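Presented below are the structures under discussion, each in the form of structure tokens.
The same subunit A turns up in both complexes below, where it pairs with subunit B and then with subunit C.
After this line comes the complex of A and B, so read on.
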């Protein structure tokens, strides 16, 4: 495999360059659009590098009442999802990792399988159920849905972290006379901290990026999350609004990018690759 | 200590039994906070969704919903819009899955080579994956924009002005344009999975084949592909299912237009349910999609089982 000729090497670099262009150009274009003043948006021949770059679009994306509110809504919903998911997943994943029960296996299987079902089948009855308890068009209802939606991966990830804690450590502490609760607090909790961080970040991002449930479950624009608000912008606004739209979109991507940067090592090694569906 | 419950009864000692029982109570208590919401917001809705597909449930009329048996399915079979959405869904899923796979395999092979910038390229390859699907849709609308778009400008600069287009608004190009975006956004995941698979191919096999005088292509065909097969089957099956279920990306790009040319099954169901209020009908469509997916999974699992038996 290492004995590739110079021609093959050149072809390989060309292919790599081709891929990076395919990958990068849309991004660069969005970046460029985000710095263009409205006048350049209506030019017959747009340019890659703005003639008069401006930060107005970013200022507008930040201060525009609608986008600002949407960002706050997203933040609120995603933070609540992250906290609740960890609170619920933590005990369960400990049980799944340390005790083998049929219920646990069934739960894990179900939770993974449910990811393959089309959302339409879930969203209509979910909508009806949440309506019965008056939680449609509330952030509480949306957060509950997001927690359930983030649970499969959270359980999967956290129980992996628990398994990595040597059982002997727990047993040794127990022999030394620590109660079960003390073992959990003093031995398990500190070692589990990285797993908790990763899991809550994952839950945060999946809520931050989610679109379908937010679109269906939240009716009033005041409550809409960032993806819904941004999607509405493309639908109705004219060409002059492309700048703030691009700026807002880039800002909305930042949390996700940070998360993937954080997970990058594990993702490129492929250990998590099959589990995260964007 | 933990598998006591699984041990044959004869081997159990009395104190073990008591311990196992208390353990089991603990386990259930620990699992409960996670399983309750899953039960209420995932199992119940799913079952109810299946049931809804056999009723005439409509928005604003939840009291007198009545069981109508296969009526919805009969109607679906006669609904041109359903068949069109189904066909488009299949074209979309197959096209995206296959293109994505071919490109991702190429890229994975490339990223497995000792090239300069490999680390950088590997990290860059993750970027589309990190972007929220809605943002990917918005970004590509900027690329496809008929006036302010990148694609038309590139064509103009390249002297192919006659090819300029309203890509997403044109009957002929809308679906291909949307498929390209699907490939762009789905490639990273497939690439990474394949790359992980490639790294699991035993080096010795390659070396042995090379000693025997096999060419690169022969080694690829008789060493790489066979060892990668389980990974390939798994990721393409999953990709197909995910693509078949996709919604957000195309909703933002075209909302199913122009003239229904990109109306995927999920978009069709969404419209039926939340625009026209036909909950029962939309749920029936969901059921049909589940049957298709389960059938696919069955094929996939059978294959896996057969491999495991060999």
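After this line comes the complex of A and C, so read on.
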């Protein structure tokens, strides 16, 4: 058996710490910037801790743009997208994983291919279709677009999780007298929970961060989502109002962090270990 | 679990349909005319001015109500293109003259020449109206201009015995270069040329020496790089590598990147757009004295005018009312206020006068407003393949030249060859 020596272990921890710093630095810098007055942002030797911390950036961000309402809009749209995506992807992924047909194979191919289309190519036909059904400038229309956009990848993810559930478990339940629906509900569904959580996280984050469809499909200021609202702090030639932008962006990360924190404990793996005799 | 998902989903959808708006607003058969105005204001004061003027209009015009919609510069092109194609464009929208030509050629923009009053039109010079005239139609109302000036560290100028020129009496390029030389000492460079995106700056300043770059003959446009076109790149290059009065560090920087160095006294002068003055006011350290120097002169002080504009969509059902709103929004007092909020120059003569009076010419407003007289339409603004030429050929070639990787003749050859690839 290989045992990791103290030096190797130290190096591993150092590497991990370095990676965490690399990941966390932008967030820390954003936090620092959000409390800096404008003069401190252009110092030739910038500091991580502001000399004269201020809340002005937060006040500006909230008074000029309706960030609170935009956050609520984003939350509503993203949660709906996550739930609907899972609802649609769950049965479809089960069918794809369990029933081997030519149609299923073709469907998987199409799912992969659909990922190649760029947003810009799709947005005008999409706009025209949604306009026909009176769904432009509504959150319902936007959620539908997000669900359709997230579905291919969600299908891929979930069908992988379904494949990992041994068929023998379903067969054993059937032998014990469970109906097909009971098998799905009592055996498959609980074992798929980590997959459902992972998929919903993916769908939530993709909707939470999406900018272009929200920009084009929502016209009323009351309906704007967070990414669209935050973009208003960036002006011509890439010049940004860094203070309010950092303050707004920092606040924008909080709901997704909470969503992660809430769901991550359900992201357990290994629950199937030993379920079936090898 | 499935049951829970279904329940949550249903609840969310019901919630969404309840508060998500009810689709496109139908034009009511009676009641006030409703206009949608897409604004690109993003500076604090400008935002406040825009919203306040719209509110004021709405309070005074019960029969024509304007909805203020906030856009942003980085995505407005795609946003507008999609809404034009989808038949759902805002009635009035803000953009810039160089960008609306493409929309005008596709028939998306209304001709406003017959919708605006004579007094309003006469406030703006013909050279500026030319920038928004496409195939004989006036497709936008120009209202904010940006010119290239030079911001300078006053203490360093004083220490070198250099007098600040008055508005409208800028230095010649020879004087500018000589003064930059004088200011280069003790770890300080005379100038920081931020040349990360050099093409527009070179195209603009080349008009100082009548450098046109684009020549059209018999309907065919080609790029020519003669002595006039070489003058600006050569002079900047000389400052960087011959006289060494310009900092080579700044060459790869964007417009505002040299500010920390400028504030720290590393660079004495910073050429840039008039809007940079706002960064001075907001970000300069206490006690830092700065001045705005007028545009530099060659054969003239001409620069290209690329005004911000307000256009009316061809599909708008209320063009006449939209034009009424535009005239109100851009009356001299309002225009002066909008210009002050954005730190740009108003196109209207009276607006400029009001602005100088209101600010007593401080913070470079006298210089900024006077610089508007030298702004005119430039050949590159009407060439349809310009954006592609700029991105694929001009910018990389100029970056190489300013990094001292190729010669001036090689630069000329690359620009001409690039023109052959993309221009028709």
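Here is the rule we use: the second predicted complex is superposed on the first by the 193 of 278 C-alpha atoms of A that agree within 3 Å, B and C clash if a C-alpha of one lies under 4 Å from a C-alpha of the other, contacts with A are read in each partner's own complex, and residues count from 1 in each chain.
By our rule, a residue touches a chain if its C-beta (ideal position, glycine included) is under 8 Å from a C-beta of that chain, and two chains touch if they have at least 3 such contacts.
Fair warning: this is a prediction, and the values are worked out from it, not measured in the lab.
When the two complexes are overlaid on their common chain A, residue A:38 makes contact with subunit C while staying clear of subunit B.
Which of subunit B and subunit C touches more residues of subunit A: that partner is B. When both complexes are overlaid on chain A, the residue A:25 reaches subunit B alone and has no touch with subunit C.
When the two structures are aligned on the shared chain, A:169 is found in touch with neither subunit B nor subunit C. After overlaying the two complexes on the shared chain, residue contacts for A:15 are found with subunit B alone; subunit C is out of touch.
In the superposed pair of complexes, A:55 makes contact with neither subunit B nor subunit C. Of the two partner chains, subunit B is the only one that A:117 touches; subunit C does not reach it.
Judged by the touch definition given at the top, the superposed model places A:197 against neither subunit B nor subunit C.
Judged by the document's definition of touching, subunit A residues 41-44, 87, 120, 123-124, 128, 211-212, 215-216, 231, 233-235, 239 lie at the interface with subunit B and also at the interface with subunit C. Within the complex formed with subunit C, the residues of subunit A that make contact are 38-39, 41-44, 60, 64-65, 76-77, 79-80, 83-84, 86-87, 90, 120, 123-124, 127-128, 131, 134-140, 143, 185, 189-190, 193, 196, 211-212, 215-216, 219-224, 231-239, 241. Across the complex, subunit A meets subunit B through its residues 1-2, 4, 12-13, 15-16, 19-20, 22-27, 29-30, 33, 41-46, 48, 87-89, 91-92, 94-96, 98-101, 103-104, 107, 110-111, 114, 116-126, 128-129, 144-145, 147-148, 151, 155, 208-209, 211-212, 215-216, 227, 230-231, 233-235, 239, 242, 245-246, 249, 252-253, 256-257, 259-260, 264, 267-271, 273-274, 276-278. Of all residues in subunit B, only 2-3, 5-6, 23-24, 26-31, 33-35, 37-38, 40-46, 48-50, 52, 62, 103, 106-107, 110, 113-115, 117, 121-135, 137-143, 145, 147-150, 153, 156, 184-185, 189, 192-193, 195-197, 199, 206, 210, 216, 219, 234-235, 238, 241-242, 244-245, 247-248, 251-252, 255, 265-266, 269-270, 273-274, 279, 282-283, 285-287, 289-290, 293, 297 touch subunit A in the complex they form. Taken in their complex, subunit C has these residues touching subunit A: 1-2, 5-6, 8-9, 12-13, 15-17, 19-24, 36, 42-44, 47, 67-75, 78-79, 82-83, 85-88, 90, 197, 254-256, 259-261, 263-264, 266, 275, 279, 282-286.
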